[in-house]
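Several structures are given next for inspection.
Below, chain A partners chain B and then partners chain C, in two separate complexes.
Take a look at the complex of A and B:
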């Protein structure tokens, strides 16, 4: 079961978040794409309270990743080559993939799911690259963080995740 | 080691690259430069603008490079330049410039472009021969792409066959490692 996806850019900002079967989420679980919760949006979402909560949550998630990364590097015998791939609690598992350019993909799932590293790489190669990097309409300023507000990206990502064998099971 | 980059570069070129017509690419670049020359009427500004355009290309191109090559982080600048030449240039232009003229401290080197597809069919008018760096966008691409992997470099052409020189040479100088950004401590 896949819960949610966070995407952080090189400036430590969450530029994209969406969720699927996240436990405790109160939103409807209809298949309608328009009801898919996506954050941050450019025009503000219908639920401002949820937005503030998301800001804090994104910072927390980034903080965890950042600290784990430093700890892994500290304990590592070979400097600079270790990266953590996932961690697991009794209720969820967090999968992590970072590119050399500093993009960070974070996916949460139920604890029984096996490694989703390949899934994250596929999202980078076939979805992020095609619909964000190669999309000339997406403004690219390497000095600033820009939220990904791209329906095509969301739609393709949604299809891909929903098509995974581990999505519902 | 060097051989391994070469094999990977060739493998990517063969299997993981969509090609477009070389002529289309060359003429598009050519008309772009011509238009800039017309607009600016000053070759220094054209050079600067080409570099800037290259930079903007580079910051996106690096993602394509990393995703398709699956390459991680390089250990030092020497390795980086080998990868740039054997995999990067191979992947996007199907050429492998020679990396040479290393400085004693391994912080500067030259890329010799034995062939440069951008130059095909090009002849510079006499008044541009000593001013225009026709392929200056390449320097910008190098700077933009490497900046995204935390390396600040300076790249500039020092000679170009279109100006009547024997070889085309880009000098690349390593400036510093950029620190990865850390989250705001206030948060």
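Take a look at the complex of A and C:
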């Protein structure tokens, strides 16, 4: 079971968040993209109360991955090359992948799921690079973080995640 | 292979730290204290950011060269065991360490709860148990 995906840029900002099987999430029976909750957006999403809750949640998630990353770096004997991969609690598992450019992918799933590192790499290589980086219409400002508002990215990501064997099981 | 053991009290203070095998970076005792405090706070936050209601907090942390297992007792004391990434059967090892903690630390009349553990009997039994695991 896959719950949610967070994407943080190198300015520590959450530039993309979406969720699938989270309790309380707007469950769409069809594959209608308009029902998919995406945060942050330029115009505000369908659920303003959730948007304000997301601000805090994204900060907490970033805080956790940042602290765990520095903790692993301190503990590890091989300085610098050791990455934190995932952690598990009794109710969920968080998978982490960081690119060389400082982009951080965070995926949460149920605790029984095996490593989803490859999935995160696929999202980066075949979805993020194709539909966000290669999109000439996306304003590229390396000093500012902009939310990813890209329907193609959302749609392809949705298809990919929903096609995974561990999506519903 | 078990690399090291940390015991963190319910306030986030490090009360016991011991390395059993090589494989982790050696730090100053002050750094270990900071590490324990950081872990204590991370543990509290991980129970809050659960996508499915309340969670009990971090149980297993995986990195490329080690795994960190956390066992929290009902009173809030945390046992952190760092092993190499392929080690199995950690749950039982943690339970055994907890048994030894209650036998040789908590039952010792000269031990003040929540304070650093400096007890020879606990050390020797722990070492013996870790070697046989």
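Here is the rule we go by: the second predicted complex is superposed on the first by the 161 of 169 C-alpha atoms of A that agree within 3 Å, B and C clash if a C-alpha of one lies under 4 Å from a C-alpha of the other, contacts with A are read in each partner's own complex, and residues count from 1 in each chain.
The rule is simple: a residue touches a chain if its C-beta (ideal position, glycine included) is under 8 Å from a C-beta of that chain, and two chains touch if they have at least 3 such contacts.
As the structure is a prediction and not an experimental result, all values here were calculated from the model.
Asks: Following the superposition defined at the top, how do chain B and chain C come out on chain A, clash or fit?
Replies: Here the two partners, once superposed via chain A, fit next to each other without clashing.
Asks: So, does A:63 touch the first partner chain B, the second partner chain C, both, or neither?
Replies: A:63 contacts both chain B and chain C.
Asks: Once the shared chain is lined up, is A:100 touching chain B (first), chain C (second), both, or neither of them?
Replies: first
Asks: Could you say whether A:133 touches chain B, chain C, both of them, or neither, answering first, second, both or neither?
Replies: Touch partner of A:133: chain B, not chain C.
Asks: See if chain A has more residues touched by chain B or by chain C, and give me that chain.
Replies: With both complexes superposed on chain A, more residues of chain A are touched by C.
Asks: Would you check which partner chain A:74 touches, where first means chain B only, second means chain C only, and both and neither mean what they say?
Replies: second
Asks: Quick check on the superposed pair: does A:125 touch chain B, chain C, both, or neither? Answer first, second, both or neither.
Replies: Only chain B; A:125 stays clear of chain C.
Asks: What is the angle, as a multiple of 10 degrees, that the CA centres of chain B and chain C span when seen from the CA centre of chain A?
Replies: 110
Asks: Pick out the closest CA atoms of chain B and chain C after fitting on chain A and give their distance in Å.
Replies: It comes out at 14 Å between the closest C-alpha atoms.
Asks: Could you give the residue numbers on chain A that contact chain B in one complex and chain C in the other?
Replies: 63
Asks: Inside the complex, what are the residues of chain A that reach chain B?
Replies: So the residues of chain A in touch with chain B come to 10-12, 59, 62-63, 66, 80, 99-103, 121, 124-125, 128-129, 133-134, 140, 142.
Asks: Please give the residue numbers of chain A that touch chain C in the complex, ascending.
Replies: 3-4, 19, 22-23, 57, 60-61, 63-64, 67-68, 70-72, 74-79, 81-92, 94, 108, 110, 115
Asks: Any idea which chain B residues touch chain A in the complex?
Replies: The touching residues are 56, 59-60, 62-64, 66-68, 70-73, 75, 144, 147-150, 180-184, 187.
Asks: What does chain C use to touch chain A in their complex?
Replies: Counting only chain C, the residues touching chain A are 22-25, 27, 31, 35, 38-39, 41-42, 45-66, 68, 82.
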